[in-house]
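Common to both upcoming complexes is subunit A, partnered first by subunit B, then by subunit C.
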Partner chain A sequence: MGKRITIDPVTRIEGHLRIDCQVDGGKVTNAWSSGQMWRGIEVILKDRDPRDAWIFTQRFCGV
Partner chain B sequence: MNQRIQGLGNRLAEVSRRDFIKWCSAAAVYLGLPAGMGEKIAEAATAPQRPPVLWLSAQECTGCGETLLRANHPTLETLILDVISLEYYETLNTGAGHQAEEARVEAMKKYEGQYILVVDGSIPVKDDGIYCKIGGKTALSLLEEMGSKAFATIAIGSCSSWGGVPSADPNPTGATPVHQIFKDKGIKTPVVNIPGCPPNPYNFLGTVLYFLTLKKLPELDAELRPKFAYGRLIHENCERRPHFDAGRFAKQFGDEGHRQGHCLYMLGCKGPETFNNCPAILFNDVGSGAWPVGTGHPCFGCSEKGVGFHAPLHSPARPIYVTPPTLYASVFPEQGKGASGTAAALAAGIAGAVIGAGAAMAKNLGKSSEDGGEEK
Partner chain C sequence: MEVPKNAQYIRNMIMGAHATHDHIVHFYHLAALDWVDIVSALKADAKKTASLGQSLSPWPRNTYQEIKGVQDKLKALVESGQLGIYGSGYWGHPAMKLAPEVNLLAATHYIQALEYQREINKVVAILGSKTPHIQNVAVGGVANPINPDSQSTLTLERLYYIKTLIEKVGAFVEQVLLVDTAAVGAFYADWTAYGAGVTNYLSAPDMPMDEKGTVFALPGGYIPNGDVTKFQPIKSYQDPFFRDNVKESIKHSWYDGDWDRHPWEGETVPNYSDFKDDGKYSWVKSPTFMGKPAQVGPLANVLCMYAAGHKPTQKYTNQMLATVSSLAGAKVGISALHSTVGRIAARSVRCAVLYDTLKGQWQSLMDNIASGDMTTFNPPTFPAGEQRGYGFHEAPRGILSHWIVIDSGKIKNYQAVVPSTWNAGPRNSSDALGPYEAALIGNPVSNPEKPLEVLRTVHSFDPCLACAIHMVDTEENEIVRVKAV
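== the complex of A and B ==
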């Protein structure tokens, strides 16, 4: 039932965003947003010298 | 041509024809071209046929796009409205979803073999590349598709040049640079790397202008970096270099040496092993001191493969080569050392530096002459 609308990529933002909408009877009944890119910075930070952490965390987003 | 430049000047009311020609001449000098090439650059930059550019974003943070906003000659709007024709860039496209995808496919078809592909961000290859997707396609498949039909590719930023942040140990997503993907897939499109995190916008713009003017890519080093920008170590042009040679170091943040603006080598500055032009062209057009070392922080080698995001921030650099000064007097003479140790330190011009560093540099002295020879 209903219709699924996907907007991917969402432009004019930083990063790779995807939006999915479930439309039933002309109404949005559910919606999902998802980041389509993962670098694993949390994994990279593990066991690292804490003084090095900012180099990575400040590069989550360059905007 | 004059008319065209005048036309450009009219569109950008704040830029006079004189300023524009002046800027083009400065660009020529920066690129290592004769000053007379300024006119040619002006001609190329105002040509009615603007080269089509497609911009692919993979594992990136948009810092490389942002860095172009900090360029004043030309500004980003001049670049994308007057110098190049930006056909596809996720961050700036008006249409979203399938409209953006259509624009990409259409531009690729229309300009096959002619467009410049700019890539920011590394390409994840682990688990079939699922860690970066655009419109349901992996960055890996998009790069293959777009790269094979491009005239040339510019990898902007450390991520696309050699892996950058995402490739840091343990490289959870298999982040891979563009030139490596091309090699693995047998794609012959030439690649220019503009590493840096973010790179200086003028290193990118300089490459674009060089291409527009001479219709070929600039001379590259072994790491595919343009020699006009990455030909020398940061250490060679650093304003704190005399302190290094004289053995004056900051040993802790905020200590006397740090407050005096001494060399940051002992705080882990990676200038001695990082090839870039930061101290020469600086950042943001705000005057002297506008670069990391100028603000009192050691360079962490963001643009250098195997250094930035790989070597610990505060571990000492491994100097690649050190061009020695003729003979500096030692500021703090070493005491109680054997003759050979003192001689080695003196020869390297850094008497009083950490034990071992002097010897390591003395060992490298012979290399400096051959390395110096590669500069044109």
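== the complex of A and C ==
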């Protein structure tokens, strides 16, 4: 009988990551990687001056 | 538009120093404790640890005094019963295989690495005014005036201080980081068989050396199916090979709709539903290159630079493989890099390459200033009507590209396809697994309640789900949930 492992949140990383694994016979047989946060900076940038973009965009590294 | 040479070199030094900082922190403080058992280090003989360290490297701080000091500090911490950040570690896990002396040596370097990551980050702070989130960027250059007659600009005193910092940290990278990651690779050689996953590798050329951005200090490109002989370079910021082959899928992501689109046509309209194994289950989009998932990051970068014939990359890769081979007592070739430990080793190789590059960038800046060129900024002009542009950069975790549509001086659409999007992405529109997912298939899990092996592979990518949003869960929520199905 297999097991489903959910690691949420994964620590020692930056941000919020959830990892799900299906484990059968001591091996991972299926996996899901799920980002658990939304940035939305693209929406904030709309209609702004392109010369200002860099100061917003460096606020999201990841996802 | 052209960016002055001085601005290119200053930007390059910030990128190189930032990535060096990132790679040191990633190995010692984020990944090493998946392989190194800190509690076991208490049982080590400090004298034997010192001789082991001295046999592996000329590093002057592998002394008995320093190692004993770290061991005493660890003992006091464990005896206090308050393990703090080490409290929830999988100590004594059967997959931890290092001898107590190796664990103590690594713990010593963990503490020392805290100093060196701080030193190299000073380079970022000096040139960028602060770190993280530098303040000196400008469209068209940098806001770092250079004037030999003024004390309040970027002076020779500051530049020579930067050189000192680069050299100090370079010694740590060459004599400690490269050796320690080779040791982890050699003592956990079985982990060269796990974690390859997606072996299409994508990497950006970086560190532009001229005003137009056509000559790069570090090459990049694409390798399909792990075959380095099929390497195809990305030649410039205008190269259609990169520009035309990037798409993002949202079939399995919490956004409105189901499409594969080029970033210029992309949308980011959130539409959350619950976690559905066969449906939408992540906020991360799923990028593809030529219709397929691609792995990005130091491994992709090192393989591409190696394939492109970049000499420092070949030197440090061969040096790494030679150290691993001698410690493991068996010949280990470049194919071993397609793995969980390979990703860790490649990150150290890249860090050493960046050290070489940083020295080169510093010299180029000094030579250019000496030639009388003090320019650091060209004011940008925006043509009328709709304009499309993009830029890329080889960030610490891999290729980063930003795509913009400007209309009448305002942003109409902006999409960022960042490294962790490539690696952490969910299944794409063809249901092909993303790199994290694919790398986990076949990983051993000896105890599902303590899935250390899963963390080893996930951490080897250096996940960054959002560097800048710092939130701490103080409620001690459960971290692992296991369900028999």
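Here, the second predicted complex is superposed on the first by the 59 of 63 C-alpha atoms of A that agree within 3 Å, B and C clash if a C-alpha of one lies under 4 Å from a C-alpha of the other, contacts with A are read in each partner's own complex, and residues count from 1 in each chain.
The rule is short, and it goes like this: contacts are C-beta pairs under 8 Å (C-beta built on N, C-alpha and C of every residue); 3 or more make two chains touch, one makes a residue touch a chain.
As the structure is a prediction and not an experimental result, all values here were calculated from the model.
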Which of subunit B and subunit C A:C21 touches, first, second, both or neither: second
Partner, of subunit C and subunit B, that touches more residues belonging to subunit A: C
Contacts of A:S33 with subunit B and subunit C, given as first, second, both or neither: second
Which of subunit B and subunit C A:P50 touches, first, second, both or neither: second
Touching partner for A:R4 - first (subunit B), second (subunit C), both, neither: second
First, second, both or neither for A:I13, with subunit B first and subunit C second: both
Shared subunit A surface residues [contacts with subunit B and with subunit C]: 6-16, 18, 36-41, 43, 49, 51, 55, 59-63
Subunit C residues within the subunit A interface of the complex: 29-31, 33, 88, 132-134, 137-139, 254, 268, 270, 275, 277, 281-284, 380, 382, 395, 402, 404, 406, 409-416, 418, 420-421, 424-426, 433-434, 436-438, 440-446, 448, 451, 454-455, 458-459, 462-469, 471, 473, 479-485
Residues of subunit A that touch subunit C when the two form their complex: 1-23, 26-43, 45-51, 53-55, 57-63
Contact set on subunit B toward subunit A in their complex: 57-66, 90-97, 100, 131-136, 139, 165-166, 168-170, 172-173, 175, 197-198, 300, 309, 312-314
Contacting residues of subunit A [partner subunit B, same complex]: 6-16, 18, 36-41, 43-44, 49, 51-52, 55-56, 59-63
